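Presented sequentially are two complexes of chain A, the first with chain B as partner and the second with chain C.
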Partner chain A sequence: MQNEIIFAILALLTIVSSIVMISAHRPIDSALAFIVALICIAALFGLVNATFLFVVQIIIYAGAILSLILFIVMFLNIKDENLPDEKNKNWWLLGTSLIVAPFGAILIDLIVRSDIAVNMVPAEGFGGIKDVGLTLFSKWVLPFELVSILLLVALVGAVTLAKRDN
Partner chain B sequence: MNTFLILLPLLLTMLYSLATVPLLVWMERRIAAFIQDRVGPNRCNIGGIRLGGIIQSVADMMKLVFKEEFLPSHIKNKFYYLIAPSIAFVSAFLTFMVIPYADNITVNGQIYYMQALPTELGVLWFLAFAGLGVYGIILGGWASHNKFAILGSMRATAQVISYEVAMGLSLVSMLITYGTIHLNEMVTYQTQSFFLIPAWGVIIQPLATIIFIVTAFAETNRAPFDAAESESEIVAGYHTEYGAMKFGLFFVAEYIAMAASGALIVTIFFGGYQLPYMTTNDLINNFETILWGVIIFAVITSILFLRWMNKNNRFEFSSNGETKIYTTLIIGFTVFTTILMAYYALGFGETHKVGVMILQFVLFTIKLFVLHFVFIWVRWTLPRFRYDQTQKLGWNILLPLSLANIFITAIVVVIGVNYGN
Partner chain C sequence: MLQEYMILSIILFCIGVVGLISRRNIIVIYMSIELLLNAVNLSLVAISADLADTSGQVISLIIIAIAASEAALFMSLFVVLFRNKSSLDADLFDMLGSKK
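Up next is the complex of A and B:
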């Protein structure tokens, strides 16, 4: 029961902050709402005993990436008159959510059918750093390496883009 | 007893983080004064009692608390402006939660951890919340709506992001060496010794130690890396527009962050709460001998301190003899603790585990304060780095060095595992 209440609060916070993130007018509000959403997702990971994902979510997303985004938002020094005029924003939001609704229904159906539960008793060592590491480097080593090559490509791309100006 | 043992690490966290702040402020001022050949604050007193100047920092705290809370009229984003100091404070406080203050203690078959949060994440928890602390600075600088504040907060952000990389990598080499991320197991590892040298992190991994200490200075925005609040260029940086207790929270957060990284450095590199060569079981088995050692040490240090105090403590404004009160208190305290310890040392009481726990708290505290002294010493000795020098040091020197250190460590560990005995 306790877990369900915590889950409900966290889920509500995640959804509300995600909506705020999409619909906020100023970029800084979006970024801050995004931080709240990410921390709530981290807490949800913690709730299902995925401790390693919990801490990595906070270190990488909430700690590093979002502070870079905020840094850039501050660096650009956007004034209120430079922001785009979003008169029909709410209509757009309504329309797109209607289009996405069938996919949402499929997703909900999937979640209801699957056997994940908030009160699941995890196996010994589930979600800990050792288990995640062993699984990643034995069973999923090829996808892992492919993803790291993808990241390397992005890194090289960023460096070349930055170098082109000089 | 059970509830007490569960709450004890939480209480100690409060003590080590919040309650040491006035003490740290006092240390900072007095040591700065001695380095600059001054005396420092030593006049403030309550009824003639000065405690060497600690009363001054208590008075300062009172001033900050009771000052008028005002909001500059040009602040548009009041919510962000007000929440920024709390974010800095809370995340600094949370980093302290995983530091082990003593070894696990087993009472009636149940294990009690002397960490406020005995999570298996260990050092990763510290990294996570040390990274979140920068949001307080970003938000504070941005919401202040002031050029100096935003410059300061941008400097701080760039510095924290770039030094976090080197900090994480220097920790990775320590994790490879210890083979664990649990801080308590790291401390246990450091009780070993090879060729009569204690296996402390600072001896096994001197390079990682230096890199970590330098990055810890940068992460806490302390001199020589305090370009974020350099008062000669940008007034006070990100807290220019903050007054009263809102400034106080930033101020306290900086000291707590410093205390937390000091505690982590002690735990990872300087043997934590342990004496070199001695595991907790050794301490418990030889408890009587160690107690006699502590008694001799306490008596000798209090005699030396009393002689020094009687020679040097002069305060002409005091009417009731400050030195006399101190002398009585110190003699009384020493005699009391000596009798108490002698009672156990002669083998009357059977509380070895609790005794060892208290001994470990004391050892941890002593090491922590030595490290605080180093932090303050460095701050008042080195000049501030220019901003581009800070970035160059982080990316061009510390990052390659820590990467090379990981490679060397990994090779040595693999060889040691495969071909060692």
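Up next is the complex of A and C:
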């Protein structure tokens, strides 16, 4: 019962802050709203015993990626005339939600009708760093190595793109 | 608990798609993409907790790593685009390799 109440509060906060994120005019406002959404999602991870992902979400998303976004927003020194003037932004948002809503309704209806929950009882230490690490380095070694190559490519690509060409 | 998590994940995904389609500010578009990845992560973690299987959490760990590398690339793209056009309007960035 306690978990359901916490889940309801966190879900409401996540939805409200993501709506604020996509509808704010200035990018700094949407970045700050996005931090709230990410921390709520991290708490939702913690609610289902995924303790390692809880920490990773806070360190990488709310710590690294969001501070990178805020750094870039402040570094570019964006003024109001540099922002696209979206006069009909609210109408666009409303129209797109009317288009997307039926797809979401179909998916939610599918989830509500089907009985997908298995409710297995997790073992001791489920979702901890030892459990996740053992699975990562036994079953998922190849994706792990591919991710390391991807990070290297992203590093080189970011430096090459941002370099001033003379 | 799984059904509630899946419904929340679908709602977040729909909000992300709406932001991705209807906004013209490239930073907001980028954050909408991150919201889509987070919605998928949420459903993966919920399924992994329901099945008591850690593989779902490993997949979402890999997705977080992909999102981090994506962030680095997007940030350097923002710097280049803003330097060329001094605007964040996605409608202006339609040159795609053409000589200005």
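In this text, the second predicted complex is superposed on the first by the 142 of 166 C-alpha atoms of A that agree within 3 Å, B and C clash if a C-alpha of one lies under 4 Å from a C-alpha of the other, contacts with A are read in each partner's own complex, and residues count from 1 in each chain.
Heads up, the rule we're going with is that a contact is a pair of C-beta atoms (placed from the backbone, for glycine too) under 8 Å apart; a residue touches a chain by one contact, two chains touch by 3 or more.
Quick caveat: nothing in here was measured; it's all calculated off a predicted structure.
Novice: Quick one: chain B or chain C, who's touching more of chain A?
Specialist: C
Novice: Between chain B (first) and chain C (second), which does A:111 come into contact with in this model arrangement: first, second, both, or neither?
Specialist: second
Novice: Just checking: does A:64 make contact with chain B only, chain C only, both, or neither of them? Give me first, second, both or neither.
Specialist: Once the two structures are laid over each other on A, A:64 reaches both partners.
Novice: Kindly classify A:35 by the partners it touches after superposition: chain B alone (first), chain C alone (second), both, or neither?
Specialist: After superposing on A, A:35 lies in contact with chain B but is clear of chain C.
Novice: So, does A:92 touch the first partner chain B, the second partner chain C, both, or neither?
Specialist: After superposition on chain A, A:92 lies in contact with chain C alone.
Novice: Is A:161 in contact with chain B, with chain C, with both, or with neither (first, second, both, neither)?
Specialist: Touch partner of A:161: chain C, not chain B.
Novice: Per the definitions at the top, what is the overlap between the chain A residues touching chain B and those touching chain C?
Specialist: Residues 52, 56, 64, 68, 75, which sit in both footprints.
Novice: Under the touch definition given earlier, write down the residues of chain A that touch chain C in their complex.
Specialist: 3-4, 7, 11, 14-15, 18-19, 21-22, 24, 27, 30-31, 34, 37-38, 41, 44-45, 48-50, 52-53, 56-57, 60-61, 64-65, 68-69, 72-73, 75-76, 78, 82-84, 86, 89, 92-93, 95-97, 100-101, 103-104, 107-108, 111-112, 116-123, 126-127, 131-132, 134-136, 139-140, 143-144, 147, 150-151, 153-155, 157-159, 161-162
Novice: Over in the complex, which chain B residues touch chain A? Could you list them?
Specialist: 80, 119-121, 124-125, 127-129, 131-132, 134-135, 138-139, 141-142, 150, 153-154, 157-158, 160-161, 164, 181
Novice: Report the residues of chain A in contact with chain B in the complex, numbered from low to high.
Specialist: It is residues 28, 32, 35, 51-52, 54-56, 58-59, 62-64, 67-68, 70-71, 74-75, 128-129 of chain A that touch chain B.
Novice: Applying the document's contact rule, which stretches of chain C touch chain A when the two form their complex?
Specialist: 1-8, 10-19, 21-25, 27-28, 30-32, 34-35, 38, 41-42, 45-46, 48-55, 57-62, 64-73, 75-80, 82, 86-91
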